[in-house]
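In the part that follows, the structures are each spelled out as structure tokens.
Shared chain: chain A. Partners: chain B in the first complex, chain C in the second.
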Partner chain A sequence: MSAVAAKPTAGGAMNPTAMAVGVVMLIVILGACWYVSPTLGLTALIGIIIGGVLIGFGTHFVPVGGAPAAMGQAPGIATGVAMLAAGAGLAGLFGGAWAAEQGMVIAVVTGGIGGGMMMAITCMMVNFVYVFGMGIPAASGKVLNDPITGDSQAEYKSQGTEGHGLPFVSFVGGVIGGILGGAGGTLIYLELLSLYEATFPTLMSATTAQIMPVAVAVAGMFAVAMFLVNAVLTAYNITGTIEGPHDPKFKRWPRAIVASAVASALCGFVAILIVAM
Partner chain B sequence: MEQIVFGIGITALTGALATVAGSAEDTESNIGSQGDPNSQVQLAPQMGFLHRIFNKAVAGEPPAYGLWCALGAGLAWAFMAMQINAILAIVLGCVLAVFVQGVYATTAYLGRTASLAKFGQPVYVDIIKSMTTVTMAHAFIAIFCTVALCQLINGALGHPFPLPLLALIWGIALGAAGSATGNPYYGKERQYQNQKFGAGVPISASGNIVRYAEAGERNSIDNGFFTHKIGGSASGLCFGLIVFLELWRTILFERIYAGWGAIAVGVLIILIFTVIDRYIEVWARKNYGPYTAVKEAEA
Partner chain C sequence: MSVKVEVIEGGVPHNKIMIAGLVSTLVCIYLTYLNAYTNTEMFSFFGGLAVVAALIWGSHTIKVLCSYGIGTGVPSAGMIAFGSGTIAMLLATKYGMMAPIVALVLAAIIGYILGYVSNNILNMKIPAMVQALTEMAVVGALTVMGFAALISGGFTFAGLTTSTASFMGLPITSYANSFIGGGLIAVAFLLGAIAIQHPFNACLGPGWKQDRMLMLTAECGFLSMIVAAVMSFALISAGSALISLIIAIIGWAYTYSQYFEMSKRDAAAWLDSKPIPDVEGH
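Take a look at the complex of A and B:
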């Protein structure tokens, strides 16, 4: 098919065959994990997959405008999707890891709130610079009215641009994205940490206190790596830029869920194999 | 009680370090044209606008600063393991990390500019000589402050992550905050200073960046000087608030209701920033007004 003949919306089309293949791969990896580590490993892998899916889904909410946003040519935050999501999610992971001793629920929620706080501060500062530094009001290029506030958008777009800044719906999307990303990253970390805490003492013939620094470091490294895997996958799904939950590209999230689940399962399986084999 | 007071003191110090780091990071990236506005520096010669702007997009700012901060922290950690004083170890680690940044900056400028040879863009040796050291100096401040705050978080506040991992996380967050806040100011307000104030750059003007200064051709040190006043300060404020408030809510409130206290305060902080953001948005709409008349049919 030539570029001219290609459908303009082809990037957003769902491919049922690819989705089915993804689900089969997921089941195969889960089966392999059950074979090598039927209790601890499988439980950890399921947690890792849920965490990865949260990150993949959450990244869709983050309003990212890329290079055009840096010139006030398009709405969103002027940086990369994966980078901003990683910045917010890892800030959440930092808080979640600190709260790990207080139990899984507290740690995951703390991680989520940490990511949400990072995004709330960043999004507010973005609008602060646009309004007070550059004299430009926020305007969406994808909707006529803000879905939350009802504010009209079209007449606030300057000539020759697709909009600029962060309308309120994009701000809310950013905070939701940060919360989901921070919670997902923390969940992956906690699952791996509990697995390594249980297996490292036997593997290394040492006490739990002795293996803790190694377990924390390895679990943390894997959590950061899996965060980046899921954030980059989602960046491909939304082809670089997105305004937030009101953007038509947001509807592509189902295939990112499948892709994130498969990628997280595969990466998580490798992380489990280092103690299960 | 003493522990909480000590924690608040450390929190204040980390917040101050983060503010300086954010400001230096944004200025460094603007002098080097590392953020998203680099697309215009790369595009300009292709549109016939030759320039003397430094062009060193090594990578996006978050992964670049993740690498440099983790490198500085890893080396500092190794020096500390060799029983070298912590402050000296951090300085030495950051100096070595900055040399890596300088190598990346030089090769990035040469590689990216050489790729524009077919459009007649020259490689200026004097730019490498004068700009690279300035970006390295700013990068040192940003990396040193980030590694130092990570050392405080790890050593004084007792975060479980090892120093290099903390520096990787906060390095990525530093790049994310700095590029998100500082990029628009450099991209729109400085590179397109010849466009109307109070409006985005029309897409048709892409590549036509300002290339001349009051005397002679504009260089990247001028850009750093200009953007530091608002873009750099805002980036510093952004990263400083992120680090300070995250630590502050944890240190003061994590013991309340078994951890739920810190969560409740976090939610409250998010709500406060939501209200401030909405106020800024409405203020701009009221004071600046629409660019065109409101269309009733669309509304």
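Take a look at the complex of A and C:
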């Protein structure tokens, strides 16, 4: 096989053995966490895993075009998965962190809305640039009709391209992805923050008010780091570009769920060990 | 199945760079411990040198991994390196003097598991994946630790979260005025993440030359060190921070001029264009 003909990396196939190993790893980490910190730590870890899975699943919705999209030869936003997921997720995380005092539900919803807003603005401006700057219509290359509006796509697609611009379904996918990513990032942050608020005062023998800067910084740093790990693993899963929820690559999400769960459990366990040991 | 797109022709083999990078990073980080022995902060600049050494190793690892065409862009490799590395580094700081060694081991474990996850569960099937992600997590952890030592003069959890300020003659402990509590770790994180992914991203292609890419990495490392040295004025004494800053500027100027020379060497034709001459007579 020549280097040109070779498709980069992963196919759509699942690897059942590796998936089973992943689930076993997940259970082992959960067990280890129960051993070192049965109540506080385990609750936090379960929240972190849910947050990580939300990030991993949400990233599949985001229309990522990469370099071909920058040249108007593929649909999507013209940058990489990791950049887009980080942009949307961190916007959501900052939004949610502001609302952390208001309780779990409000903060997570705020984080989701922050991420969704970020993606909505990005998708909007991307289409502005495509339509008014580059003079190309939005057309999907993967489906004949837009699954939501039912609009026909093939007439608008230029020959020799895989579609271009940002069709309506990709826009909606981007917003859903932003909401899930932002909510997941905020959930990780909140779980770690409440854990550190409860344990740092005894660990560092200081009052809660004194250790707040440290607790916020450590929780925020762990949340950002876990967000990036999950986003990059999902980027590896979809190998570069995806059009949105109607793309055939979207069907690969079960792999990303297992991968994100294992990665978040591992990173979350390390984050819990900082106070449990 | 994936096909390796580029080949390494000549140059130093990767294992040699890995061992040299690992040893010099660890030695440099431990040299900052002279601060504690001599009760000064003069040796903080060794943290910056550790950062440069780790980044050189890391950018070559990224070259090994991204030669396979992972399809997600080179920056994603830098992001996962620092994402996994920072997690390991934060826990490792609790182990005092052993922190760099613990960070190394812990980051290697996290990186290995993430490598297994991406290679097998996500079905990437890239031969260099597991080793590359392991190495990059270690690079990420040691780089952030090097920045911590450069900016705050130490690498222990207590030193990174507290600082002693004087209030009306009485010493008080401040938590906000510290490497972690002040959020400087976030800046260090991105300074490193950008410096590690940029060199290969900028130099890749048919004209890739190992020495030119590594010189660019050193240049990026010293550039980050300048910023970190400026930040260190907030946490360590002005004289010590000045030493770091001067070393960073000298290192940057040297590596930048060297990189410029190598770019000229590798350019197809280098024409030194003069300013547009004044044409006389009209």
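Some points to look at:
As a working rule, the second predicted complex is superposed on the first by the 267 of 277 C-alpha atoms of A that agree within 3 Å, B and C clash if a C-alpha of one lies under 4 Å from a C-alpha of the other, contacts with A are read in each partner's own complex, and residues count from 1 in each chain.
We take it that a residue touches a chain if its C-beta (ideal position, glycine included) is under 8 Å from a C-beta of that chain, and two chains touch if they have at least 3 such contacts.
This structure is a prediction, so every number in the text was calculated from the model and none was measured.
If you put the two complexes together on chain A, you find that chain B and chain C bump into each other.
When the two complexes are overlaid on their common chain A, residue A:Thr110 makes contact with chain B while staying clear of chain C.
When the two structures are aligned on the shared chain, A:Leu45 is found in touch with neither chain B nor chain C.
Note on chain A: of its two partners chain C and chain B, the one contacting more of its residues is B. Contact with neither chain B nor chain C is seen for A:Ile242 once the two complexes are overlaid on the shared chain.
By the touch criterion defined above, A:Ser158 lies against chain B but remains apart from chain C after alignment on the C-alpha atoms of chain A. When the shared chain is aligned, no partner comes close enough to touch A:Leu195: not chain B, not chain C. After overlaying the two complexes on the shared chain, residue contacts for A:Gly220 are found with chain B and with chain C alike. Residue contacts after overlaying the shared chain place A:Gly95 against chain B, while chain C stays out of touching range. When the two structures are aligned on the shared chain, A:Ala86 is found in touch with chain B and with chain C.
Of the two partner chains placed around the shared chain by superposition, chain B and chain C are both touched by A:Gly66.
Common to the chain B and chain C contact sets on chain A are residues 66, 80, 83, 86, 212-213, 217, 220-221, 224. For chain C in complex with chain A, the touching residues are 1-5, 68-73, 75-77, 79-80, 82-84, 86-88, 90-91, 94, 106, 110, 113-114, 116-118, 120-126, 158, 161-162, 173, 175-176, 178, 180-183, 185-186, 189.
Looking at the complex, you find that chain A touches chain C at residues 1-3, 6, 8-11, 13-15, 17-19, 21-22, 25, 66, 80-83, 86, 204, 206, 210-214, 217-218, 220-222, 224-229, 231-233, 235-237, 239-240, 255-256, 258-259, 262-263, 266-267, 270-271, 273-274, 277. By the touch criterion given at the top, residues 35-37, 39-40, 60-63, 159-162, 165-166, 168-170, 172-173, 175-177, 179-189, 191-192, 197-206, 230-231, 234-235, 237-238, 241-242, 245-246, 250, 254, 258-260, 262-263, 266-267, 269-270, 273-274, 276-278, 280-281, 283-285, 288, 290-295, 298-299 of chain B touch chain A in their complex. Within the complex, the chain A residues that touch chain B are 66-73, 77-80, 83-84, 86-88, 90-91, 93-95, 97-100, 102-103, 106, 109-110, 113-114, 116-118, 120-138, 144-145, 149, 151-152, 154-168, 171-172, 175, 212-213, 216-217, 220-221, 224.
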